[in-house]
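Which chain is which? They are A, B, C and D, in the order written, and residues in each are numbered from 1.
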Amino acid sequence: MDGWHETAIRVRYAETDKMGIVHHANYLIWFEAARSELCRSHGFSYREMEADGLLMLVAESYLRYKSPAFYEDELVIRTKVAEVRSRSIRFVYEVYRPDDDILVAEGETMHLMTGIDKKIRLIPEHYKVMLIGDDEQRERAFPANQAPS
Amino acid sequence: MDGWHETAIRVRYAETDKMGIVHHANYLIWFEAARSELCRSHGFSYREMEADGLLMLVAESYLRYKSPAFYEDELVIRTKVAEVRSRSIRFVYEVYRPDDDILVAEGETMHLMTGIDKKIRLIPEHYKVMLIGDDEQRERAFPANQAPS
Amino acid sequence: MDGWHETAIRVRYAETDKMGIVHHANYLIWFEAARSELCRSHGFSYREMEADGLLMLVAESYLRYKSPAFYEDELVIRTKVAEVRSRSIRFVYEVYRPDDDILVAEGETMHLMTGIDKKIRLIPEHYKVMLIGDDEQRERAFPANQAPS
Amino acid sequence: MDGWHETAIRVRYAETDKMGIVHHANYLIWFEAARSELCRSHGFSYREMEADGLLMLVAESYLRYKSPAFYEDELVIRTKVAEVRSRSIRFVYEVYRPDDDILVAEGETMHLMTGIDKKIRLIPEHYKVMLIGDDEQRERAFPANQAPS
């Protein structure tokens, strides 16, 4: 595994606009759904993390729209944790359509860890470990002698 | 004044769908914006009411779509408090386009007053008075000898 | 089969509002996604129907919100064609959460068949047959001696 | 005037999420509404441009969220045409809240001019002139001896 998580979605009618294609704001909503699934696949629920008083506030987003997507298209959102720092996390995304193997869009979001008060704070080590995810990457991130307990 | 409050909106691109018209879910969002303005015009802010721990949960909605609306259309949402009971409020709405005087849609929403815990509770008298709004209607709702203090 | 089609969705973060629950306009969007899946399960694609120049314009919607739904909830939309007339179709819906077997909402939408010009027209017989769906109901709707060819 | 156009919006309930703040996807929708108003202030309607068979497809978007915005906040979207090239236009945006003079977000979108077929094409000169907008900038873009007729 190279760290990419895949989330399948089907384009809803309401997600299209009068150009007949997916409205560009929806990609941010799909990225968010994909992050939520990535967290679950990494062993924790973003919902529970919020219930624990931790928020991953979106601080930046970047999107490049490569090719339009259409109503009822089946799309795959590929998501990866690109970087985990002491107070921030960066995700990267690719949206493609398996039917014709077209890259529809690609993007990036940067998040700050905050408490309920929206004040920035350190990411707790166990969340860092889970966000980073697979064993090999974890190995690199936490060499044996400094692994979080 | 007959109790109708008017809110002007302009149709956004994102509110259209591939039919080239306003997607039908947006009317509920406009009704909500119109309720918020109606509250302000009746002397209170819905935001502050929520900060006071009171929510007006939507319990029912009904919509009849009469004629399509289009991108950049200027529309007017006419809103009225139709009924205030001890625990519920009913609003009615009309959406029309002044340019050609077309009735675009009409609808109704019914709300339950709850606390932050989403448990149903009595509507405090001073909110009742403000919701009912104009003097004449207030008169009927609260005859002199039983007016809320 | 009693004519109900089931569509599973997971609540997205963007679908919540500051009350911490699903915003009530999203149910109309989910109903639409569920109609699209019902059509596919009945042997046709709504996308292709539109490509054929036929639209199912929403003429009315009714919703009763019974219990709030939350971020990351897995919900099931049960959808059924309630009535097919010469120019209109009525769908009914139930949204429930299998985890605790709670009925979250129920609703209804009424649609008019139109051409690209948004003028009302007769529903072609073969679409009627597919909309009605299962064999038994089809039998009742089209007794042997008047079946569409 | 330095080329900035201002558009006022008020945050709708549906635009908030369970964090209690504006969901980050809405900024793209506001930017779009602001572009539409900027076009009108520059003497043309984006709706009519599309009716003429010209689309300004979004090719890139970038957003930096600086400070959360809240339900019922009155916000101002400042918009400017940053660059007009032969086939593309770049807009920049600032969202601020006049009440406390806070910069809420800033961003950028890049658009490609296409026909109805979504194929990239040259921006017609008269649209270039109107997009660029004010006289002084127009002067620089089209010196006297090569002004579009």
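Heads up, the rule we're going with is that a contact is a pair of C-beta atoms (placed from the backbone, for glycine too) under 8 Å apart; a residue touches a chain by one contact, two chains touch by 3 or more.
Not measured: the values here are computed from a predicted model.
Shared contacts of chain A and chain C, meaning chains that touch the two of them, come down to B, D.
With every chain reduced to the mean of its CA atoms, the largest distance from chain B is reached by A. Rounded to whole angstrom units, the spacing between the C-alpha centres of chain A and chain B is 37. Between the Cα centres of chain B and chain C there is a gap of 27 Å. Listed for chain A are residues 13-14, 18, 21, 25, 28-29, 50, 71, each touching two or more other chains.
Shown here, the protein chains touch in all possible pairs.
Every residue of chain B that touches chain C in the complex is listed here, in rising order: 18-19, 21, 24-26, 28-29, 50, 55, 57-65, 68, 118. Residues of chain A touching chain C in their complex: 10, 12-14, 28-29, 32-33, 36, 45-47, 50, 70-72.
Looking at the complex, you find that chain A touches chain B at residues 13-14, 16-18, 20-21, 23, 25, 71.
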